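The chains carry the letters A, B and C, assigned in the order they are written, with residues numbered from 1 in each.
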Amino acid sequence: MKPPALTAAALAERFGLTLRGADRTITGVAALASATPEQLSFLANPRYRAQLAHTHAGTVVLCATDADVFAGTALLTENPYVAFAKISALFAPGQESIPGIHPTAVIDATAVIDPTASIGPHATVGARSRIGAGATIGPGCVIGPDCEVGDGCLLVARATLVTRVRLGQRVLIHPGAVLGADGFGLAMDAGRWIKVPQLGGVVVGDDCEIGANTTIDRGALDDTVLEQDVRLDNQIQIGHNVHIGAHTAMAGCSAVAGSARIGRRCLIGGGAGILGHLELCDGVVITAMSLVTHSINVPGEYSSGTPLMDNRSWRKNAARFRQLDRIARRRAGDAKDHE
Amino acid sequence: MKPPALTAAALAERFGLTLRGADRTITGVAALASATPEQLSFLANPRYRAQLAHTHAGTVVLCATDADVFAGTALLTENPYVAFAKISALFAPGQESIPGIHPTAVIDATAVIDPTASIGPHATVGARSRIGAGATIGPGCVIGPDCEVGDGCLLVARATLVTRVRLGQRVLIHPGAVLGADGFGLAMDAGRWIKVPQLGGVVVGDDCEIGANTTIDRGALDDTVLEQDVRLDNQIQIGHNVHIGAHTAMAGCSAVAGSARIGRRCLIGGGAGILGHLELCDGVVITAMSLVTHSINVPGEYSSGTPLMDNRSWRKNAARFRQLDRIARRRAGDAKDHE
Amino acid sequence: MKPPALTAAALAERFGLTLRGADRTITGVAALASATPEQLSFLANPRYRAQLAHTHAGTVVLCATDADVFAGTALLTENPYVAFAKISALFAPGQESIPGIHPTAVIDATAVIDPTASIGPHATVGARSRIGAGATIGPGCVIGPDCEVGDGCLLVARATLVTRVRLGQRVLIHPGAVLGADGFGLAMDAGRWIKVPQLGGVVVGDDCEIGANTTIDRGALDDTVLEQDVRLDNQIQIGHNVHIGAHTAMAGCSAVAGSARIGRRCLIGGGAGILGHLELCDGVVITAMSLVTHSINVPGEYSSGTPLMDNRSWRKNAARFRQLDRIARRRAGDAKDHE
């Protein structure tokens, strides 16, 4: 696809930015370090401010406070990352999907496929499932029975909706994601595990995004629920009957155990874990690889873990962690001695 | 599928429960908070005891000690979760699999498929592999060469058995699971990695369950082994030559490095890690996100990590962890001064 | 496949080993504990030295310093693991791939497939993608548009290259791996997330290995890069624009957040995490489940976390971690008192 040619002035008008300097034609977007004079770049992370002086980018989106360092055409805004996201979307190639059902796809006779939907090669759609208008089911996807895929959804490739999964509109699912597998429900009976049937489903709100190889189990009785605009990175595990509030974002490899309830606008760091049956209120931030072991009812940032050290120092300090209670007790004893 | 209608009295007789109150017809199962008078619910987790007073469930399975709070029809038992699991299985729809080989499946000429097995759309079965009676190979599954799938196994969809994987009877494998990939065996030779061939296989005992996107590598020389009734949740990683004892259950995102040996009836918490070549005796419990760095020969519960705190407090305390050895030494010095 | 029969003397000559004892025919390789007199085994990990006295292996590859414990035919070398890797490769069955395109594969009209490549059942190859000489695309793989697969690559099964993924030569990708999915780029705009288009690709150098269900996102603007001979185990997550130096190896379930730069010959332990935008110099070792929160510019071993303890002791010590800053301050106060 040949990228469109736009001008800095046109972008300024379209997205409400302030143009400073000469107008320029823009043929694409790039990072500060690699952009050419025909390309537009941006500065959002102060970490990269020093690159402004050396960039070959002809046009840069940035805050007014950073603009003095840059000699070229500037598009000024209070939120350069948002403006850049919108601009670069104009240059992004979309998934090339053709309406209709690929001849290798296998569609159950009771499934209902909107004529504007695209069903890719080697996809399967199960009994009583419905695929909405403009939705794309990429190659190798498996849609089991009793699922609903809303209008404009995009399942890139090799995603699986096992059963009773209902997606809202414009949900984006990356390859390898599995929604609606059995929750991990087991009861110990006479020395053996017996399986607790998982009778619920998964409900995913509008505009959610589900990362590659992420798994979301279906509920045991009620549904597992993601409200609208929830954003899940890759390799996240969501247990059965979890409820995640709108606009919450979770970074890669984080995990939520069964029946936990996460509020709206939370940010869960990479590799973080949340134990089952807990509740997190709105606006909670969990830093990377922390373990949440109790409910949280005050918004704010929470952490666990210890700092990284060279291994020799770490061994010494970690060994003392074993003695921490004893050390603290002795300390308290000393304090008494001093009294 | 229309759910069957059963009565409380019939369930009591079938599963050895004590009926208290009027007999009732039951058309389904549901959670306490959402059940209707025609549905049966249960109380197993004391956390939800308060819901008993408000539930609309007509029938509830629970302990005698909880029964006074509930006015409706009660089915009394010492283990309500087990009884509920058995009852709800009567209402669970099974996977709709039809015996025979789907026309889009690709079966090697040397593979042997039992006529009662079901091979789904776009599945492949490799050379010399055998699929047992009543087994279901769901859509998109890849069974490589020299594999065995026992009677009554269910591979839901898109599971992969790479090579030399032998499943016992009634093994349940969820989508995206990969069994029998190369173990991570590398040797450094003149500044470059060379690959150590992985010549073993994977042996999975009867009644095991393997979660979505879980990976179990095949052995380097001998096999990787799961004894019977091992239950693995989603996104678990099992390294080559690991041996897991019968009835052990592992929660999501946990991982076991190569050649570790885990006993019977162990419980491994979510996100926990077990280093290579270690041995855990029977009956070990590892709490979530703990790292096991040495062998364990005493049954019981083990943990590592630090508690969750607000980030400001955590930063202060974590900074002190760096000084822990110094603090402890000074303390010891003080103690000497006092002598 | 019938394994070849070789002799100890022939192996000694081929791989530069010293033969001690009688020459023997070798029909296969096995672990010390299970080898038969016709098989060759090895000792590399001192943990298994005691097995030398009892092994039935006819031939063992080992260090001269260990040779006195073993009475049979010995092949002496300074690096038994490397020698064993090379020898056992002679006995390893290769993937049985036949050049040509399976009739069920779906190939875009603009894709270019080398006639010596093998495209398996139910694979798809997208627009403008190229598959090199001798490459194998296993069953169920999805190669999206604008990808390049170098000569001799092996995608075992069900791997996905989403778009703009360029593989060097002899890259090995295990099932379920997803390369080139969208990086996790989001900007908060008026209370909702908007997606930052991910316009870059993924570049993978020669001789890299990518584990089962591992995910490598494509870059936001520039590419995500793995230099040559990088070895990734299963279930690893690599964020967008990460750069990994040559010969670095990462163990299972580790993760690297966006734009981090990892040097050459690093070893990243299982479950370890590396935060975004950090730099690790060459030769850094991170132990299992450590979290890297700052850049590292000195080679060596680094760790975080606390040691495993029985849960009762852990609870006591972990509770004191909450008070660590207070304890340290009091200590400092005491020290002052003593002055």
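Criterion: a contact is a pair of C-beta atoms (placed from the backbone, for glycine too) under 8 Å apart; a residue touches a chain by one contact, two chains touch by 3 or more.
What you see is a predicted model; the values in this text were computed from it and never measured.
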Problem - Set of chains whose contacts include both subunit C and subunit B - result: A
Handout entry: Self-contact between copies subunit A and subunit C, residue sets same or different by half
Key = different
Handout entry: Centre-of-Cα separation between subunit C and subunit A, whole angstrom
Key = 25
Completion exercise
For subunit C, residue numbers touching 2 or more other chains are 104, 122, 140, 158, 176, 213, 235, 253, 271, 289, 305-307, 309, 319, 321, 323-324, 327, 331, 334
Completion exercise
In the complex, the residues of subunit C that touch subunit A are 104, 106, 122, 124, 127, 140, 142, 144-145, 158, 160, 162, 176, 178, 181-182, 184-189, 191-199, 213, 215, 217, 220-222, 235, 237, 239, 253, 255, 257, 271, 273, 275, 277, 285, 287, 289-294, 298, 300-307, 309, 313, 316-317, 319-321, 323-324, 327, 330-331, 334, 337
Problem - Residues of subunit A defined as touching subunit C within the complex - result: 29-31, 33-34, 45, 47, 79, 81-82, 84-86, 88-89, 91-92, 96, 102, 104, 120-122, 138-140, 156-158, 172, 174-176, 207, 209, 211-213, 229, 231, 233-235, 247, 249, 251-253, 270-271, 288-289, 305-312, 314-315, 318-319, 321-325, 327-328, 331, 334-335, 338
